[in-house]
């Protein structure tokens, strides 16, 4: 009927306009159909091979980070995370070691030949971060801290951008565009769970966001299984799901002794757990170990 | 202080009770550590092997169901879904063929040797359903229609119970308990996405629910990728994620000509798409084709 | 520019279509601009005057309901609620007295000249309900139990329809349409809080839903402050908000001794609390006491 | 059993700590039972009298702000809002006039004797803001930008803190604590709607948050009805609800010509609409006009 034809024309035009808008975005696959490969000292994210990023929630001491780095190295990892500036709900919780933490990360990264990733929380610290880090992380709470995004877009250093606590996928893509619009296209997107009514998990891992982000943008997409679930017993199955759904990699937390960790003690793996996690991932056929590659 | 001691004893007792309560649930793994295997005419759900359930959103005609059944058979499937009673938001939308639809399903199931699954929406229809169906489905909108649950629990027929639109995992488990408490323990749980703020997908697939349900209960757990995402382009990646995370199977919608479907036209696969979906699943190594088994 | 003109035409046409759809609904104000007034034995809901509905969560005994009725009468109320069939998350929780509860309500209603409202949970009980009740309630969990809606639409008895746990306003309106489409236009809508991530309250009272429902439909709109908040300390402020925002009335729970109540003990008021609640509402100028009217 | 006793002692201690923690918060009513009154050039927020804050979404020009200020003055208002730095989803949307906007606000505030409120989005701008503004606003997207909170806590200027897009009430209170912990106790909390599945409104106004915040803290609490609803037709009923529920005031947006506004055109009132809004609020008895007081 006439009414339906009319409707179809509307819908199509509407979609065309949205399409145009997306085409204009620098991070959009329509603008740039090829995958962006972020090369971090030789480890290529987004290039087809899937990688793991692991490390402690917070940098607590040289010894702690040293122990973790040794373990990651043994498992064939090349990328280590660790928080120096910790955004915490309460001002009276442990706020991280700050620049001291960055220095520890730098020293360890040189000792083991690992690349390090750490969160920066304010524009004024971005320049400092460039000296110490291989990847600048922007956390969920700061996904729409636009001044921070612009500052990270103005330096020549890869940025791992986490999805906001309740950001839509569209807002997430636009946040990445803030970085790219300032000249820095080395961006890794990271799904880390969204806030929903369900309380069995700390957040709800939005697994469908991964293929959508891969379709809409040309950027590598990671999944942080630790913050998505907040439960140690779910790290392995959700990591498998992330790899199966097409993520470029998985991020997780490892600590020498989670029970005494200064933050997130309930969700970090200790070394035997991490070793078992790696073995199971490899056994599932979903992850190809890089252990031999490091020998 | 005394008050606090009092409070602590209170709380502890509460928790003990909750623990006891969970232990007491018939569907709980604490009560019954072994996996329940639901045997549907020889197809074993929950027994380690993963299965697919497919079919049209609505039963529209004998010819439509016949065409779908032939295609499913060719792909090695043994379980077909199809809606005869359709719960629709508006009273003026297509409400399904009703008993006529059940008859079509029965006839086709006999012709092809497929088992059929269809939703029943009111207690009064449960007895009738037993004659026509191999599995009674209880849909998301009726997950807390307790009279329907009790009626389904009183017959000797497997029940596929979908998670409610915004049901917590705990409420979902308790809904299954309503069925089991009436004597019917042949229950299949089905995650089908939850309602969140994100609108890029029709619902948000809560992939973490699968390992939690497997831990907490002894029942088979399926994932309906069609209703979770509402997007044809996400069926394959989310099906992979579901199989990788440990689901006992995946449910999806197939229609000879989705464009003219009387419901859910945007999310059903046509036959070439379904064939490609099956091939890709098999190629991923996550799904073992049952084609040879049917020769 | 041309593009914007284009866009405007699309949007307008889209809106026209939606408008047409809404115009078609029997419950829509576009179809029927005048307010529907539901007359319950002389108490007129939706006619400009605001009313209270109160009573125990569950009917527990004749004595309990008798005590509540006496108190309501003293406070000038004419409408009493009380649950006979209780939809409970667990099959092992108190499920209500059933028909015995309806009989108690009927007896008390005659003794005190109060009208009674109670929830019916399955189509098979609707006819029975007509004998005992003045208003049939359909609860949140059954808002999309379409067979129940149709059954309630087929009898000549006012229906109080609660919004589903996570129903959109559009779904809520369509649920009311299911009732009206069967011939029964005496419908009262009741906002009762929606499910969100916030856990400080049991649900999140969606206060904006009230003016939207008043605009979109011609039906009376109530707010259930008890289930919205789940907190006794929030009943008074949210009742004030409901009356100020334009609701036709407020529903709340009163029990002779909430501490021993068989359900919802944490959120019901005892008699002194209820008396204070009524006094404060009257003092605020937002509620006109009907005490004198009953002398 | 022993294990359970152990667990109970643990839990109880945890709870004791939480209680202690809340008691320890500077913003907590347990720490400081009296209401904090924030005095802005003589207008006292939190002192029992309810106030309105209004103004354009964005500062666009001297003439625009001048026109609004004149209208506010005529309506008896003393507090004007206006955005100079605009946090926008897309980097290609209007980002505000920046410091130029602050200068316009300052000039107009002096001309009309109004106090001005504007959002600051990065720590580096806080000191500049102190020169131009009477109240520093921290927006929803920056509620957990902890460096910004600390910077705002280090100056001697009232801060209006908006609730985050999906912040819990507890997180909101802790964000205020970040400000107070640095020495600045002149904080106004502002509920502005939370993100839920419901799309009939831009956000869902969490009206219950107001009495909870008044109970838990000693700070003034406002409701931003414009961002809560995103709908001009809901501003009046929700403003009434806010005043009735016990808010210390209401914030809303007014623009000389909303249709050409550079942001939020669909939700700002023009002058005749604002005048009618003020009249209706006064007529409802919920708001006491300050017009005479300004003569």
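Observations, loosely collected:
In order of appearance the chains are A, B, C and D, and numbering begins at 1 in each one.
Here is the rule we use: a residue touches a chain if its C-beta (ideal position, glycine included) is under 8 Å from a C-beta of that chain, and two chains touch if they have at least 3 such contacts.
These numbers come from a predicted model, not from an experiment.
Comparing the CA-atom centres of all chains against that of chain C, the greatest distance is found for A.
Just to note, of B-D and A-D, the chains joined by more C-beta pairs in contact are A-D.
Chain A and chain D have CA centres that are 33 Å apart. Distance between chain centres (mean CA atoms), chain A to chain C: 46 Å. Measuring from the averaged C-alpha position of chain B to that of chain D gives a distance of 46 Å. In chain C, the residues touching two or more other chains are 166, 170, 195-197, 199.
Interface of chain B with chain C (complex): residues 21, 24, 87-92, 121-124, 141-142, 144-148, 164-166, 170-171, 174, 177-178, 181, 195. Of all residues in chain A, those touching chain C in their complex are 3, 6-7, 10, 13-14, 17, 166, 195-197, 199.
Across the complex, chain D is touched by residues 4-5, 7-9, 11-12, 15-16, 166, 195-197, 199 of chain B. Only residues 166, 168-170, 194, 196-201, 204-212, 215, 228-229, 233-234, 237-238, 240-246, 284-286 of chain B touch chain A when the two sit together in their complex.
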